[in-house]
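Once you've had a glance at the structure underneath, I'll fire off some questions.
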Amino acid sequence: MELSPFELPGALHEECGVFGIYDPAGNCAQSTYYGLYALQHRGQEACGIAAINDREQSFHKDVGLVSEVFDRETLQRLGGTMAVGHVRYATTGAGERENAQPLTIKYVKGTLAVVHNGNLVGVEDLRREFEYRGAIFHTTSDSELIAYSIAQARIWSSSVEEAVQRATRDLRGAFSLIVMSPQKLIACRDPWGFRPLCMGRKGKAIMFASESCAIVAVGGTVERELDPGEIVVVHDGQARSIRTNCRGSGHMCIFEYIYFARPDSVICGQSVHEARVNAGRLLARQSKVAADVVIGVPDSGLDAARGYAQESGIPYSVGFVKNRYVGRTFITPDQSSREQAVRIKLSALRSEVEGKRVVMIDDSIVRGTTCRQIIGLLREAGALEVHMRVTAPPFIAPCYFGTDIPDKSRLISCRHTPEEICELAGADSLEFLSLENLRKLAPDATCGFCEGCFTEEYPVDVRE
Amino acid sequence: MELSPFELPGALHEECGVFGIYDPAGNCAQSTYYGLYALQHRGQEACGIAAINDREQSFHKDVGLVSEVFDRETLQRLGGTMAVGHVRYATTGAGERENAQPLTIKYVKGTLAVVHNGNLVGVEDLRREFEYRGAIFHTTSDSELIAYSIAQARIWSSSVEEAVQRATRDLRGAFSLIVMSPQKLIACRDPWGFRPLCMGRKGKAIMFASESCAIVAVGGTVERELDPGEIVVVHDGQARSIRTNCRGSGHMCIFEYIYFARPDSVICGQSVHEARVNAGRLLARQSKVAADVVIGVPDSGLDAARGYAQESGIPYSVGFVKNRYVGRTFITPDQSSREQAVRIKLSALRSEVEGKRVVMIDDSIVRGTTCRQIIGLLREAGALEVHMRVTAPPFIAPCYFGTDIPDKSRLISCRHTPEEICELAGADSLEFLSLENLRKLAPDATCGFCEGCFTEEYPVDVRE
Amino acid sequence: MELSPFELPGALHEECGVFGIYDPAGNCAQSTYYGLYALQHRGQEACGIAAINDREQSFHKDVGLVSEVFDRETLQRLGGTMAVGHVRYATTGAGERENAQPLTIKYVKGTLAVVHNGNLVGVEDLRREFEYRGAIFHTTSDSELIAYSIAQARIWSSSVEEAVQRATRDLRGAFSLIVMSPQKLIACRDPWGFRPLCMGRKGKAIMFASESCAIVAVGGTVERELDPGEIVVVHDGQARSIRTNCRGSGHMCIFEYIYFARPDSVICGQSVHEARVNAGRLLARQSKVAADVVIGVPDSGLDAARGYAQESGIPYSVGFVKNRYVGRTFITPDQSSREQAVRIKLSALRSEVEGKRVVMIDDSIVRGTTCRQIIGLLREAGALEVHMRVTAPPFIAPCYFGTDIPDKSRLISCRHTPEEICELAGADSLEFLSLENLRKLAPDATCGFCEGCFTEEYPVDVRE
Amino acid sequence: MELSPFELPGALHEECGVFGIYDPAGNCAQSTYYGLYALQHRGQEACGIAAINDREQSFHKDVGLVSEVFDRETLQRLGGTMAVGHVRYATTGAGERENAQPLTIKYVKGTLAVVHNGNLVGVEDLRREFEYRGAIFHTTSDSELIAYSIAQARIWSSSVEEAVQRATRDLRGAFSLIVMSPQKLIACRDPWGFRPLCMGRKGKAIMFASESCAIVAVGGTVERELDPGEIVVVHDGQARSIRTNCRGSGHMCIFEYIYFARPDSVICGQSVHEARVNAGRLLARQSKVAADVVIGVPDSGLDAARGYAQESGIPYSVGFVKNRYVGRTFITPDQSSREQAVRIKLSALRSEVEGKRVVMIDDSIVRGTTCRQIIGLLREAGALEVHMRVTAPPFIAPCYFGTDIPDKSRLISCRHTPEEICELAGADSLEFLSLENLRKLAPDATCGFCEGCFTEEYPVDVRE
């Protein structure tokens, strides 16, 4: 709950979703529109689409939801036998419109459009190296740095794909990229495989997306996920794989399963929905509690609550109604009434919790303020006991790979024990998913995981 | 599903939600903002707020969601020791902005602001009578007719509330009204009680809302629902009831329970959430089926699915993921791809339905096209059988009281038997809730029901 | 200058321009767009167009310039074999959008659209009479009162035009109206003829406009001006005149010649341009001055400066450059720099005034602050002497007929003698046009004048 | 007339205006706002401002007029102890928002904001050289190329100003630049001096602007114009000149006098207003004609008409009224009515031309369509003869230095003799300003001129 988009102040935010499509039948901008719409949960602040028609690139991007930024006329104008698109949680302040992607550039070999999900580490040296060669940057984003690397590499490379391969070989961090040249569509995943990226087909069309749900949404069939380090080049209707940057099975961000991804997506072979049900089951096994009902905090806690119910035998119920209409411009209550803010978007169902001992499943605790309010709603609605169960371990460290986890000073688990948090939150008991169980929630996954925010141990060196 | 807001072409739409508040502490516009936000599901096309400061009325209204139409500055400007607000599904074409409410008028006794949920019948005579006395109307809405009636009645009445009582005494049809004069806030429900209206308090503040969820959202306590025909006048901080138009226990629109209202609302003493669970239970008893899993079509089918599962013993599961980001300006697929349109907003969870016999609960069938597509999604995801269960009887007649049910020519149940619909929809079996069971789904309700759309028998004569 | 649109705070504003057209060839909304554009100088805050297609009325109106409010799609949608349009200087604050015209109403005989230029007096009794019969008003505008009168009168009248004739017979004040019913276009001028209204043709099309320049702009030929009190009805392509309300030659607002109207318009047979040249000539005769150059304050002072130069023999020159880009949303300098505000929109031409004795012609002095700044610009640019000449007498009284002249407390001529004003403004000499000469500036005019703002004597009793 | 902003299709457009200010008192964004507003005639499609506060750069830019793009809140947020701003006529199609300036970049030494008026030639080699070193460009604009050159040069330069000097040394073409680093404001003019750039002061503030009128508008005093090739660096409140790129007295675009610049500006010591008066005088001497009145086509023809009248003794008059309200979004008449399009923005004053032999002064003839329409207006208004005089020679070649003159195929003077053009335009006689007289119109100018569009001889080699 605390991680939901359009959240009350201080929430976490995944930064991006990417989509790309090659379709000789055209209308690629429209397909990308629907693809981005399916990925809207990965970023609600800005979005954009670039398209190729007869090797000419055009684009449109702005601040807002996909449905706000694009109209029918714009999609028709963009057309496209290829297109790439992006949704993002933009940085605040001036220039946010400029940070919207796709990043479109002109360079020695023509034009490129780049969309990027992830975050690099240790780029200051690389950025300075480029700058000392005279590079100028319009933004501080890693995406522009990647584009620059590709443009540089293109000079001594025989093809765009070779440039992508060379440019990304030495980058450290998370990047699921789609690059569009006038003739080629190139998808690329970092060698650690932090962020998902999959590939699908629909007739002669070939498409890439952050999550499989986007491919299904446009009527396509998911073919496979890209391997960590893999590059797939689409040219003249043929897809070809370049695997020279591949190094191993990777380290998928485990928080994609717990919170970010849509439950109908499959990531590294693991259904996100099932991973959440598993998290609930594991929590139920981890500690017993005498209770009358199990409920989840919408949306990501719902699946876990069902898993908990199945494993524990305690009946599952719906404990909350969530207001779906919060938008970018929603006016949040001012400071004085912050404590009651949660009731504007969440309402407890009295008939389900009154006079009952309740197990409440949520996906995470960041600062602890939201869960105190939610538990307050249940008490008001007559719950006798509230036993909070969290489908993740305590956050103890920042993420360097694209999740906007606040610094340690604002992470309650850096300052308090679970027992203290339980008391602060007003719960009768509190249990986090153990690290041991965390590693069991995605048994079908064909990859390893990054658990850095829970362990402070990262797959790549994050020191600058 | 077919009735959801932001629905694919041809869906039903409830037309309005109303909210009003008296609070000597001020900031009534802001409270109304949060109240309307909680009622946003009752109308997404236009909204507005009128407020009183020192007996002076000001207002703001426009096309759009509550979060789009209002900003902090506007709310501060409106302020208010009293305010009324409205959300509506506006009529199409020119003038939609003009049709937004509150309706604000100047008349012999000063100003009035009126918000209205419902629809009148047999008003043509009344309208002509007024017109022959020289009245001019700016819109075709019933709301303006009601405002006119009140203004007329005020001339020979000793108070605004008396004018409201006299003006509404002879009106036929559905009206849940809130009227705001410079000094009084007056709530009024039609004698048949078609649409809900309740009253709450928070400290010295007194408020009215279409649904109880709005009172809870602003931190208030629900005091009671207005009786059919009741008028409540708030003046100088005191609430007084006028019951001269009360005639009986009323005929609440039963579709409020099945689809319109938010599950956390209580209407006529009946929890909407529980009514939906009951509908599922009743369907389970009504006919047996051998199946592996019960799922609901979001959102209103989910509660019913849990009831069905509890009663039948077949396990409950989540079968669909619904995209939450569709907005007013979303570009729907064009004619050629309409068949696949549903997949843009709904996605089947393969892991839950693959290889299974599925019972799927939905709230209604209007034209039958949407349910065919939804069943198609389940088949694609590997469902072996799909048994559709509908928490309402077949629609056979239009609604004259505020629900936008299409005319008979577009109601599939007017042209086809359930068996034919089952085949057209591609289901393995289809069962509608029987009329007998319909009457059992709200056992706690203290009122009678209007079931006109299912029986073509209406509580008031609908012939012009 | 002080009266210019987009003026610095406190300026005068004419309130409206009207246009109406019947054209069996259609596209009347587009013609009205161009007609209103030619009348934009009469009101820049809001505008609107209503059109009839197959007896159905549609409309569009909003806050903004004609070029901002309408796009091609809207004009095409409006179409129209008849249309009426309006530009206005809207009232401030909430509801300004609601005050935009055309006023569109539904009444016993169908629909009406009304556009109105002018202002009534003594309407409180009429308003109360209507209200006591039950009328409700949505605005405080006279226009709505007129519409109501017509709708009332229509009940016992045999035609719309008869209703217009009866309804306007007893109204006092200024009204140049165009009324559009589903089948008829009716233009009407008050019996005093305060505001202009003329009629033109283009092929089979018949049109009406506040000023002749609008008829010329759409390619039409000016046929004639309506007489005071005259009503012209266009039906089935034929124009018919009703003269029962005609009483005399009328009292045209003399300020139309001095400031409001466009110089290429002809009003009551008098070229506005020539009237301004005459005003300059009369000022030159009124008093002599030894000077090197005559300049005008743009725009209305330019013509007068040429007349002054011709009469006096002192060379004419261009003394100022005016910035043309000020728009509705222009940010005026804040209080501290108000004194220098005028230089943002006006710049003196050093080469024309340096070392010279300058005669500067302006159209009026309201508060005197602007002319002090303008004279300051000339001093900065090296003018040795500045002799101010004003093409109107001092303002000593408010206008009740549609010109937004401030109350007496803010009129400098109510508190100071011309000599004092001259000193306050920093001029070397100051001369107002005498009342005697005022009456000579429009020798071709076939009407009398209203000079109330200069004499406090009005053609109709303005006491309530 | 044919060159006026907001012109009918096919007109010429000057591309840019620049403004920059250092003011330790702050509020530089607001000063820039007023400065840009005074330069609005140099570009109406897009604008922007970048400001420095505590060495941090922020900016705002968008499509629209200055008054549309900025509001008070944005200006306050920008604040600034330094600021630069830009108005431009943006390129069409996608990305026009991206092409708005200031161009803001991040590079090895921090940030830069660049505003640019002009156009380079022979840049393809330079662009390729940069690209082969790996540069990427976001736009095709020369401005980005200049920024890149500065960023490159900064690596081996000891200061920003040295980098500007080195980077611009070898550039060919027109550039009046203002560059803002976190601590310095640097103005720079190309060695040919194609475009104007001047410097002013107001108290401790130092400012630069394309035209002197902008400095006057913000209350400053014009100090001097930059010499061709000169660089002025403002640092710590001191201005220092770098003259190593200076080569001679330069070649000012002569069309700045004829059309682009505001008449109250002084360029190279020559009053623009006087240059236009001179052009009229020269035309009068060039050929005699028997006529009754001399009129100018607004706006740039007005001054010339007065000069013509003074020289010829034929009386000057105002022949046209121009509609001032055309905006960016004005809907121009469609193809069928193009012929009459001009009457929407221009109206002839019958009283001044009827029955007269008219000399009409305009600034240029591009395609000849507009002047035919204007002459048609005079004929309709009763002019007996129309003798057209043009304050420039025939256009026979394109401009490579920032004026959007169409290619030869659309220049009427490339295909027709003056006699033919006279006949096509429907004039009784036609005379262009001779090349010889062209060179006399700016006698006070301290520079040479570029007359390339009239002679096809350019100060720099324009062949690629």
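Here the chain labels run A, B, C and D in written order, and each chain numbers its own residues starting at 1.
Note that a residue touches a chain if its C-beta (ideal position, glycine included) is under 8 Å from a C-beta of that chain, and two chains touch if they have at least 3 such contacts.
All of these numbers come straight from a predicted model, not from anything done at the bench.
For the pair chain A and chain D, there is no chain touching both partners. Between chain C and chain D, the centres computed from C-alpha atoms are 35 Å apart.
Averaged C-alpha coordinates put the centre of chain A at 60 Å from the centre of chain C. For this pair, chain B with chain C, the centres built from the Cα atoms lie 49 Å apart. For chain C, no residue reaches two or more other chains under the stated contact definition. Chains touching one another, given as pairs, are A-B, A-D, B-C, C-D. Against chain A, in their complex, chain D makes its touches with residues 58-60, 77, 93-95, 97, 104-108, 112, 128, 130-140, 147-148, 151-152, 155. Those residues of chain D whose C-beta lies close enough to touch chain C in the complex are 33-34, 37-38, 40-41, 44, 65-68, 70-72, 75, 213, 216-217, 219, 262-264, 271, 273-274, 302-303, 306, 316-318, 321, 323-331, 333, 337, 340, 343-344, 347-352.
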